[in-house]
């Protein structure tokens, strides 16, 4: 039968795109035969702007790089600067950073879970996971004073010590969350409809994933056993005991399962870090000028491997700051992931990538 | 590459040893740290070097490619990583200002594709053999290269 | 002449011209009674201004009372269904809110007036028609979608004394008109000149046509068991014997699944799938047209639930307490119960895929419907009913 | 039914109808009837409009997450009748919740044009108000009001969901004022 | 650590009734929220508790402020501007004015304020009808009931102190860093003394030049100085430079 194919432009204002990007798909009936991702709608020249700001001023800017994982981005920025300065952060600050990172990871994954729920047509998952997310945002409010843009790490430590009773709040939230997450899992994993939507959809092989540069849960869903936290440890992650979940299938369900398991592991990391946390100072004074040189730091963002490459020239402003965003690379493989699937699968596949366009377009 | 051994997860020492053996004077080792190797290479052999790193040393992933404008010359910085022991290689390649060309590594790592497109539109460095060298982030009617140091933002004026 | 000479409330059923002379019909009684009051007052006032005119006696003549009584009857009937529909929208919002652990709507007492505000707002919005749209198709599709939805809603009796027309073909004509709207959705999707709505329209047509067939097979088995197409007879048969949900449980399940699909609700709301097709076939409809489409969605939901109640849950009857309860209320409560199950499913499930929906329709529901028909035939042959 | 009983049912030609309706409108306007009707119906329309605000489901940046959070269980914007619709044809409010780059500028203008009036625009967050942190960028429009008229500005970086709801309460006041001048029989 | 979720799922949904478990889960939650109150906060009528250190718009304690301009210098979005205002008690003074329509609420102004005049406030309901509404002059910036939590302190430890083992003496750069004079560059212009907002600079005669006029060099009172760098910026011959203590 002869069928004519048509181009459908999904975006920039489209409910499936969490953020602002466009996926042009060529469909034959419902099956996708070609796809072109278009990004850049949020491009603001972040790296260029940083060349005109002093080092501390960039920390809140780094928060706005990826709005749902702001903590990790400012963290990787200060790590790059500390690498260039060659200073060691106080141990308590390292633990605090780890705790804040993991809270950030959980709330980012919950935001993803919510978006995934709406992509698959269920509003209950959206609201339940946002309800759990509020608990972690409340922790952020107590710790840093803002819900999303934390502005918490500082060059040479963190902004402030834990507030009064923060440890107790943290433990309570983590315990409650672990209990409540099973409700959402019952809604997603025990439902034949969700499983049939996720299993076998958007399959990526390990080789393709490596070649595309996929990182994060997308990569671990393809059977790559690698995690920057464990294999290239920074801060105090080498003192903590946690598992890196790996799934062999490489489909949407695998990425989903990896993220859910990561949330459980993050809870465990928060518990251990809180238990092991030593007393001491949380912030040291650093010089305002950074010696010239080229340094980089990488970190495990909730979405993948975040890398910042800093070139300093001895002044109080960076000469060049390059951001390696995980989603920028992951989304470049969007074409390969959606080819041959149906139109209804596009939200399911793109949902498991966990788009965040702020860091992609920079 | 035929005739070479395959190293699944080479250590820092192995990386320096092997690259030194193979490329000799073309590639200089600027230094090394725990799990980090810093190299600089000439732009003639960068494709060959990257292919060797990918095929033999098994660095499956190109983490990041960034351009730097040093005003006197441009520079490409490659960050390559593997999936096994967290070793990363940083390669610096100098490009003269009057001939902004370098070989594309997209045929080796597909993940480098968009990084190169981005560098092209922001710095104006042209990548040979790139499959689709077009503007990616900025609107298609931009004529300038915003990340060059010669382009000043309002605050810097 | 005094006021009482003009307004004389008679027994409308005693009127020889009345179409409902034989049976009791509350909406008609209310309608013609209303006209006797309103028309009487009008006639009295006109007569006071212009004494001895010919208009006043005409207004309260038998024929005019009949005609306008019929119009008012429709208004009364429609008002009741409309309020039921508003209640259903309210129930949906409230139940979803409770499932999702939030407050949901709060406008008006208990949030009941939210849908009224939504409806009034759509009146205010600008009328937009896309430039490249097919004008006739664009407008007619909405009219027919809402028209057919209201028409079938009016064809469902709430009780033997609360109906618009008692007709022998009964359920058959309801199902016939129920199946009209997929075609109009296809037309609407095509006429908007938008790719999303076109895909949505195609999906709607494919999905609804494939779900008509199991639905009709279930319908056939019900009719076969009751031995009549007339809705009253079907309900009466259930009152005499047993509710059809007991012998035909498979049929009930098949019918409910198909009804959810017909009403385009989650998990079968592919034509409006928000995640990939913005708003599906309604993408380019705005303002009042969109308000009417939303209303027709709920009317179709009401019809689907009402059909389920009539065919399986014994209509307006409750066992052992026929005399004690008001049948209209019983019927509406049962409808709302079925609707609650639909809302519950909406709060629980996601959306399924196009190929899966067709697979379920053809490979699961159709064999089950045939099995159900087979059981009915066996029961009928065995003389159980 | 005996049709002879009825007056000539509805036998007005289109031309007749047009002249009749325009005469009616003129009569209404000249007699002051319109003002009276507006006085009665204005509050009703205002009540309906302000209690049924349908914002466009359009997320730009950080504040989009807080926009989503405003409809979550803790803040629940549906209490105020806010339901997000994805098609601009069915929406009343365009929330600009992030920075506007030069690439997305025509799209935002287009979305605004696609919405049926009466419509409102809310600039949410610093980036939408004035460019915010990206005030010196080469690719950012310095404020939403340079491309579409803005009714409410909600500062915050990002805007707390409470603050967003607070901004919408302010918008409701503006809507009331808008309908006080009357909409009966206006295009 | 053990894997908690992944070895249990996916279960065989056919054995578990395909859709029954989620049905029951939602029903359970519906009953729970019908009996108890849902978690919703009815916002205009009730508000959630937020801690003192919540970063809403900046606030100003007018009396404490010395107009040093550190906030203006640290602001990443340059939304703070020092304006001259007429005050009854103090006369003509310089105080910060904040464009809340551009402020990104990072809290740097409060963190780096040497006299704890700038604070963060829990005031987040800032919506307005125009952009002019959002420019807060120093009087609008005032915030009653400033608590200690709002005055975010900058607490840094000097690395030299840490090396000595002193961990209980946090300090801040404006307490230890001071401008340093390079004597031969100074031309006795007196600008630094005029511009100093806290009057920490005093011009002291250190000798006479060839023409018999006195050579004055600035002497900085360390206890008063807040290291606002205004003297460094204004010095025409770069005779003052930053002396960082680490």
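The chains carry the letters A, B, C, D and E, assigned in the order they are written, with residues numbered from 1 in each.
Simple rule for what comes next: a residue touches a chain if its C-beta (ideal position, glycine included) is under 8 Å from a C-beta of that chain, and two chains touch if they have at least 3 such contacts.
No experiment lies behind these values; they were computed from the predicted model shown.
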Set of chains whose contacts include both chain E and chain A: C, D
Identity of the chain that, by mean CA position, is farthest from chain A: C
Remotest chain, chain D as reference, centres from CA atoms: B
Whole-Å gap separating chain B and chain C, where each centre is the average of the chain's CA atoms: 66
Centre-to-centre distance between chain E and chain C (centres being mean Cα positions), rounded to whole Å: 62
Chain A-chain D separation of Cα centroids, rounded to whole Å: 35
Interchain centroid distance [CA atoms averaged], chain A/chain B, Å: 25
Shared-contact residues (touching 2 or more other chains) in chain E: 19, 22, 25-26, 29, 38-40, 42, 76, 78, 104-106
Shared-contact residues (touching 2 or more other chains) in chain D: 72-74, 76, 79, 86, 103, 133, 136-139, 157, 160
For chain A, residues that touch 2 or more chains besides their own: 14-15, 40, 43, 45, 48-49, 52, 60-61, 64, 124, 127-128, 131, 149, 187, 191, 193, 361
Complete list of chain pairs which touch one another: A-B, A-C, A-D, A-E, B-D, C-D, C-E, D-E
Sites on chain C touched by chain A in the complex: 96, 99-102, 195-196, 199, 266-267, 269-270, 273-278, 347-356
Residue numbers on chain D that touch chain B, as the complex places them: 102-103, 136-139
Of chain E, residues touching chain A in the complex: 1-6, 9-11, 13-14, 16, 18-19, 21-22, 25-26, 29, 39, 50-51, 53-55, 74, 76, 104-108, 111, 120, 152, 155-159, 162, 167, 170-171, 173, 176, 242, 244-246
Touching residues (chain side chain A, partner chain D) in the complex: 12-15, 18-20, 40-45, 48-49, 52, 60-61, 64, 67-68, 111, 114, 126-128, 130-131, 133-134, 137, 147-149, 357-358, 361
Residue numbers on chain C that touch chain E, as the complex places them: 95, 97-103, 106, 344-345, 347-349
